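Naming follows writing order (A, B and C), and every chain is counted from residue 1.
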């Protein structure tokens, strides 16, 4: 979806304010909010693409006016309520009113290091033929899916060149909507700033794009 | 755990917390009460990213790449395996790519769509990396953003921005500064900054 | 600039909420704001394009979380400072401490004639138009840092000229105080299916100045 998360190319947000020797957290609630997001993710109630889609479905005014951990917290609440894991009233009151809905797993403290270390690789085997090779010229399709996609708006319709092939990876456009992992070939595509923005510079942007986003360019 | 964290029960305590802090606290107590999360697991998660995993990991990768040509070559071919050999694996680092800065190319990393970042080597991203100004501007005016970080890239050098749209994560290997000949890996790791590994800084001796 | 005002194609803002029997203004301050912008705009020394540019200059997060007349308020505050009519301190305090530029305010009795006067943005231009009816054009990949009327969602797309309006004041120049620089203005027709890559049979029309276009 062309949501508020799709930030590339917007102007007017002002300078990048970088803090010298920035601490990991800026307020006491931030680590708790962060850990809650991770721990609830470990219950297996949603996948990473569904979680990302929840964030981008937040109202634009909320998304653009929230700090990062605020935004993550609001998206967590959205998911918990949508999936019936907690009710809106329970969330508001901070106390249990309904019996818990069973979840796949509850991560205990002693399980955390192993879960974090194993991570969640996104590459999957697939029998799909590889459509493009290194150096191939491609054009990004002009598509505007109403669901989740990892194709930024600023790259649509633009011509680029394949610079890396990563094998077949979980396809977010499918996986975010309960339609299965549907692994697709993943490439890094290099676009010149000239082609992307009409700028006369030597610069380039490289974007990781799945094959369904691409077509061969003459 | 009956309603211990219920903010209506603790007005004197609640008055010191922001509305959001109260909301997070309430949700935590609810999810603990429902048995979905182990509060000790939350402590472990926080401690992991507060004290155990951070940019020092990435700095060791860079220092080794500077001193060990075999490792640098491995990093170019298969960064995931090369980085794993130093013990840095896991969440948000499952598919690593190392981007070597050269006299021809300066690399910088962004995630315009969310805030993807290589956690096992850099820890959690700084606020500015997750901010709207960085996410919006890095792809369209990278040189202006770099100037704000005090990095001037000569015109003849290509600025190559990497937008992390998939589960592939990027680590910039900055150029080794002159005047560091004969330094140990440990000494070198000490001068590698987090920003240099994102591409918004350069390493100086 | 690619600001928050340029929201064509954005999703997630929810349904269009239409109010029944909607009043002209929803608060007294809105009516005062509307009148202030018009009255000061007549004498302030800026153009409509500069006015638009000022209203768009808000930080995008602020822009989308504020109402229409807040955009006007923000724009007017900016213009007053830029044109030396008021200082930031005066705007905050609401009290004049400097003389500012001397202007003759719009008198009540000239409002009606001013509002109903025939105006035009068409200007004489020496250049002959590059395009004619039926020509197929492509919009350029432009991303100017300044005010522009070429929306992001129409950049790099192919369309057809369906009307030629003569030369009109060029906002990209006029908004920056660089003169009217009149350029030929066309209505360009785009297929929604080309713009969005969907199967819609709809058409989108936009009024675009010649510098936004190139021959296909």
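The rule is short, and it goes like this: a residue touches a chain if its C-beta (ideal position, glycine included) is under 8 Å from a C-beta of that chain, and two chains touch if they have at least 3 such contacts.
If you're wondering where the values come from, they're calculated on a predicted model, not measured in any experiment.
Q: Which two chains have the most C-beta pairs in contact?
A: Contact tally peaks for the chain pair A-B.
Q: From the C-alpha centres, identify the chain that is farthest from subunit A.
A: C
Q: By C-alpha centroids, what is the most central chain here?
A: A
Q: Determine the centre-to-centre distance between subunit B and subunit C, using the mean Cα coordinates as centres, and give it in whole Å.
A: 40
Q: Using mean C-alpha positions as chain centres, tell me how far subunit A is from subunit C in Å, no decimals.
A: For subunit A versus subunit C, the centre distance works out to 34 Å.
Q: Could you give the separation in Å between the centres of subunit A and subunit B, each centre being the mean of its C-alpha atoms?
A: 16
Q: Considering subunit B alone, which of its residues make contact with at least two other chains?
A: 132, 136, 140
Q: Could you list which residues of subunit A touch at least two other chains?
A: Expected reply: 9-11, 13-14, 56, 64, 196-197.
Q: On subunit C, where are the residues touching two or more other chains?
A: 2, 60-61, 143
Q: Looking at the complex, which residues from subunit B come into contact with subunit C?
A: 132, 136, 140
Q: Given the complex with subunit B, which residues does subunit C contribute to the contact?
A: Touch residues, subunit C against subunit B: 2, 60-61, 143.
Q: Which residues of subunit B touch subunit A once you look at their complex with the stated criterion?
A: Those in contact with subunit A are residues 3, 5-8, 17-18, 20-21, 23-31, 33-38, 40-46, 48-50, 54, 89-95, 97, 112-115, 123-124, 126-128, 130-140, 142-143, 145, 148-149, 155-168, 195, 200.
Q: What does subunit A use to touch subunit B in their complex?
A: On the subunit A side, the touching residues are 5-11, 13-19, 22, 24-29, 31-36, 38-40, 43, 48, 52, 55-56, 64, 67-68, 70, 73, 76-77, 85-86, 90-91, 93-96, 100, 103, 106-109, 111-113, 115-123, 150-152, 154, 164, 166, 169-170, 172, 186, 188, 190, 196-197, 201-210.
Q: Which residues, counting only subunit A, touch subunit C once they are in their complex?
A: 1-4, 9-14, 56-61, 64-65, 141-144, 146, 153, 156-158, 195-199
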